[in-house]
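Once you scroll down, you'll see the structures, which are given as structure tokens.
The same chain A turns up in both complexes below, where it pairs with chain B and then with chain C.
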Partner chain A sequence: MRTVQPRPLPMRLLRARPGGILPILAILAVLLVLVALRQPDFLAPPSLMSFLGRSAPVILLAAGQYFVIVSGEFDLSVGSLVTAQVVVAARLIDSDPSRTWPVVALLLVGGALVGLVNGLITTRLRVPSFITTLGMFLILVGAVYLWSDGAPKGGLSEEFRRYGRRAFEDVPVLGRVPYALLVLLVLVALAVLLMRSDFGRTLVAVGDNPRTAELSGVRVWRTRTIAFVLSGLAAAVAAILLGGYSGVSFQAGVGLEFGAITAVVLGGVALGGGRGSVVGAMLGALTLELLFALMNFYGVSGALRSTVQGAIILLAVAVSATRNASRQGET
Partner chain B sequence: MSDPRPVPLLALRGIGKSFLGVRVLHGVDLDLAPGEVHAVVGENGAGKSTLMKIVSGAYAPDDGTVEFAGEARVFRGPRDAQRAGIGIIHQEFNLLPERTVAENVYLGHEPVRRGLVDRREMVRRTGQLLASIGETALPADTPVGRLGVAQQQVVEIAKALALDARLLIMDEPTAALADHEVELLYGLVRRLQERGIGLLYVSHRLTEVFDLSDRITVLKDGHRVDTLWTADTTAGELVRRMVGRELSHYYPDRAGPDDLGPVRLTVRDGGNRKLRGVDLELRAGEVLGVGGLQGSGRSALARALFGVAPFTSGAVTLDGAPVRLRSPRTAIRAGIAYVTEDRKGEGILARQSVLDNALLAGRAVFAARSGRTARTGRARELLAAVEVRAAGDDQEIRFLSGGNQQKVVLARWLALDPRILLFDEPTRGIDVGAKAAIHDLVRRLAREGAAVLMISSELPELLGMSDRIVVMRDGRIAGELPAGATEEQVVALAVDATRERVQ
Partner chain C sequence: MSVRSLLPARRPVPGVFVALALTLAIGWLVVTIDGGQLFNQSTTVSLLHVAAGLGLVAVGQTLVILGGSLDLSVAYVISLSTLVAAETMNGSDGAVLPAIGLALTVSAAVGLLNGLLVTRLRINAFIATLGVGLLLKGYLDSGYDGPAGTTAPTLVQTLGYQRVGPVPLSFLLLVVVTGAAWFALSRTRFGHHLVAVGGDPTVARLSGVRNDRVLVTAHVLCSLCAGLAGIYLASRLGSGAPRVGTEGLYDLESIAAVVIGGTALAGGRGGVVGTVGGVLLLAGIDAIFNQLEVDAFFKQVIRGAVIIAAVAVYAHRAVRKAAS
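Entry: the complex of A and B
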């Protein structure tokens, strides 16, 4: 018989428990080996750095989606939000460098605002988030077409674009370090700190059991609304990086919401909330991107991307559901 | 007692049933004659509903036999029992509100003509059926959702009769009815009796039991205590048979006169959807026990005080100052803690660690008050102080025993230094050892100056722990008893045995 005691940190990190990051690390390792076998050059610093920079928007979206999913909701609006942001930025900047920073600020505010609306409709009007954010998705798609008369107008300034496409060149050992990668690293650190804070722990608590949380004094609606705002902000940053990297089009954000959800699920986060880490979600996004790169190396058609994503979602959820079912007797 | 009539409609012989190794029914016998109203009474957890579910085919008995109409039967499910002629009217109705009376009555076996539902025939037959039980005022083509509760109950009964039920089980049929509607139900029961239908009548309300039944079977802790002729017994006698057992363990000493502090909390004429005219006073240093049957408003009282379902009328004061407890958060800020009876559903975060569970309320409500390190240290101390047994404080709480989970929940609240603690069934589903530990903790908290309100369905616990007991009935406080009251006194207040019998 012994009472509770903290265990040493390494044991806590490595213990294979549901929601831990061990499985996704294992999958990532396997993919890296397959890549190394087929295309060893890919793992050389310069191309690896470019790959990481390219993956930054998707990883950020996965982190944003993680906040929402772990609190027990969904955000389907991020893809169209990215598109809307890119198109709006191009029209407002209209290739005038002096407008860059005001527009960046506007995009961040806009992203937060869309998240706020999603959150309030879901929590205060009690519309299921699946429906709320699907509605927001459609509203944004329509609004952006209407506002731009069917074709993107204007253009992004070079200032704006450099975050998505430029890098520090001639860095020792690494070769080149994309700005996007630095942005990503800073935000990853912030996300990890956030999840270790009181707010982060409360967010997971809400996803685990909102009734318990409410009866312990948590303002569940407020916590979830903040999660949507964070997702909106993540979409805004992703839009800035993506706009810079791939330019302005109505296709800029298409399908990104499903990519983000797939990544989060792959990273061991339970749909319905209450389990999983933000690091796992981001590693899930990285793994997914690596998988697509690998498919490319092996000559698999890019058209299969969405099929692969769908299969991953189904498989990951089925695996975690059956694992949970077999554990039910343990309480 | 032997049955005077030759062939009983229903004969239960030696019915036994266990759930997860816990025996809830021990060799229960029961006879029911055609046209008889047979009441089944007992405390919460005496085994009444399990027995009824066995008769209606929802559960299969582990031991014993069910004989229906002279034949031994093994029902494979509720439908099987229904087909044999056994209907059950639950407390919660099973009706489709958007469909008409006739559609509900014939749901699943509609009269058919040329492959299509014959509506006219269905309405006609329903009308006949309703007329046969004297309910001519109920139109068969009205949507059920527009009917009152009493009329919906009639529809439920007609639904059973449409399946040629010869035995009807009524589970607390008057729980949802207003007083004048109860009279209507009496008439209906009499007409069913005249048709030769046997009725098993489960109720907490002794008035009805005496008004309606021919015989009464008393259950206690899964045993049949006795079966009595209603005409030969009294309410007092019945209550004596429902209670009475030995004390199973010792309880900590009660508060002495010196332990009692000032009045912490008062409620004047408090009311909401489930409570009426509640007056209450809670002093520092005392354990106030709250007794009553399930649904009597015990939990509603705790939930009103904690702001989950607040009082909508009346006034609450805390240490003399008026307060409005409109959410759990405001109640927590006012120094109130609430240990819920539904530990799994709203007490724990099943998939989070022991430590995260213990820190939940502190993080949410007083995030700015103390440093994170200090708070975590305090939580670890408290987990050790309440003697939680776990593999580590990072273990998920769902892997702990019920008793240890409850201790973690307690640690969560103790971290906030509450002045008032509300316990709703604090030892439900907890093993004996952990139970005693929680009893000691509750008493220790009171001795340190907390005001404790403790709801319990277990009479020995209620009597053993409380310095004072209030008993609730129908959303009101039915009466107050001092320490040293007997189980009979509590049950008498809870079931209203003191009320004069009608007639």
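Entry: the complex of A and C
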């Protein structure tokens, strides 16, 4: 191995490495320009802040999914976990404000527990995570319907819903700052710090080559299990925000797992692990949300949305895949 | 290298059939104690009908998974195929063959697209087929609110409901398709190449296999199987149904059936016979719980647990084998 003189920082940022965040920033910029052309009001601080607040749950799910994917696994259970959490919260709180905090704590513990079970089954019993979390998906959906006899019961308290739909109003310059946005910012900071810590590096190493990591003394199973727990926790926070924003329904989390995986891949993270950054994953989620907003502005009918979404995902991933391939061809 | 590994890769009876026999035996016992009958005419027929639909999809899914790929778009291909078939027939017996031809052509085209995205553009199969699924979902959601078209009465009477003794015609179709897939996998060049590509793409390429062509073929065959399942469902329901694929969770359940049947999700190991065992196991559990009148949601919980447990058992055996 030869030592390489580190390039000056600006150069390193500009160089679009595979797994770098430059492509996703470019897509995001294009979408922002399109939004600005069609609906300039959208970029005014108050509406932009509300948009960011609304996007918080999906961004958090993408971050959670990132931890799992970068370590080389999948988590298909997060959507059903969100649904289960929202329905459970409504039934337990039953519109009684005094139960808000115990239930929030319970949701977080529950999310971590589901992640722990996913992680242990995947790592200790060596079941592929696709199957583990698919089974967990079926179990959670079945269990939550079973427990509530097919229709959601109870209701969320205002204290609970506050985090998903209220904001600090009349903030200078920004207009309004949703609580969800503050929660998001804190967790984003934590996620970035985590990925810069020893644990973050270990996580990527495990995804890149589990065998090498194992031989270097990493306890691969523990690292991956922690990734699943983080994903479960992210789903719990997302459920609290989503339940607050849009209320209780069995549809609360439907399809979120595929949305999160798409966002992560859009953000330059390789399925199979070892490449990509958590910031890229979260930007991917933001891009996806902005895409939906844009489709609204351009009057794309709700039904056609998935077609446009599918086309854009295929396009973005195809472009980055062919670029990686051509780069590999050069060296 | 031991002598054993030099022998042709013959697979013993997959463990799933042992599990199937045990499940049916225990289920029969429990149902009998409960005062019901597990193996009367109507339960057997409905079990085989359920197995036929899921089985057709799962056999196709086996091919792509063996090749190291995956198809998440099958649920939408099924819905699309029911609509194409039913709308082309529009209730007339004369249009049965053109309708079937058209439905299969459309399905094959989707498979071709999947295959080209995975091989030429090197998009991860998970994302590629998910994206194609979304494309189809948009088309289905924007074009259809509910059932459309009418399946020709002859097709309803034959493929939909006719049976030979307790065995529905559709299940015989599954047997034929499985037989063809088994033959293709174990006796043709395509089959050996597919397993080689799934096992180690680099080694396969260096040995002269045209990986791309093999994988595209597998994707086309997989979509054809899903299209066939769609035609069967159209003849069962009497019309095209834009949500039948997704509501039946055919995408995820077919993958689950393949894996329960002993095929490795990473590719290169397994076969279609095991897959049919996996399908029968899922359908059998369904039938037992129906007889016991267990809550539908509880059934789903058990299903999830069974899928995980089955794969855990395989993984455990694989680890033990590797250690010895």
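The rule we apply is simple: the second predicted complex is superposed on the first by the 289 of 331 C-alpha atoms of A that agree within 3 Å, B and C clash if a C-alpha of one lies under 4 Å from a C-alpha of the other, contacts with A are read in each partner's own complex, and residues count from 1 in each chain.
The rule is short, and it goes like this: contacts are C-beta pairs under 8 Å (C-beta built on N, C-alpha and C of every residue); 3 or more make two chains touch, one makes a residue touch a chain.
Fair warning: this is a prediction, and the values are worked out from it, not measured in the lab.
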Which superposed partner A:Leu61 touches (first chain B, second chain C, both, neither): neither
Touched partner set for A:Val279, first chain B, second chain C, both or neither: neither
First, second, both or neither for A:Val88, with chain B first and chain C second: neither
First (chain B), second (chain C), both or neither touched by A:Ile139: second
Which superposed partner A:Ala167 touches (first chain B, second chain C, both, neither): neither
Touched partner set for A:Ile226, first chain B, second chain C, both or neither: neither
Touched partner set for A:Ala205, first chain B, second chain C, both or neither: first
Which of chain B and chain C A:Gly217 touches, first, second, both or neither: first
In the superposition, chain B vs chain C on chain A residues touched: C
Interfacial residue positions of chain C with respect to chain A in the complex: 117, 121-124, 126-128, 130-135, 137-139, 141-143, 252, 255-256, 259, 265-266, 295, 297-305, 307-308, 311-312, 315-316, 318-319
Chain C-touching residues of chain A, taken from the complex the two chains share: 121, 125-128, 130-132, 134-143, 145-146, 150, 258, 261-262, 265, 271-272, 301-311, 313-314, 317-318, 321-322, 324-325
In the complex, chain A residues that touch chain B: 1-7, 12, 17-19, 198, 201-202, 204-205, 208-209, 211-219, 270, 274-275, 330-331
Complex contact set, residues of chain B against chain A: 306, 308, 328-329, 332-333, 338, 340, 345-352, 354-356, 359-361, 363-365, 367, 372, 380, 383-384, 387-390, 392-396, 398-399, 412
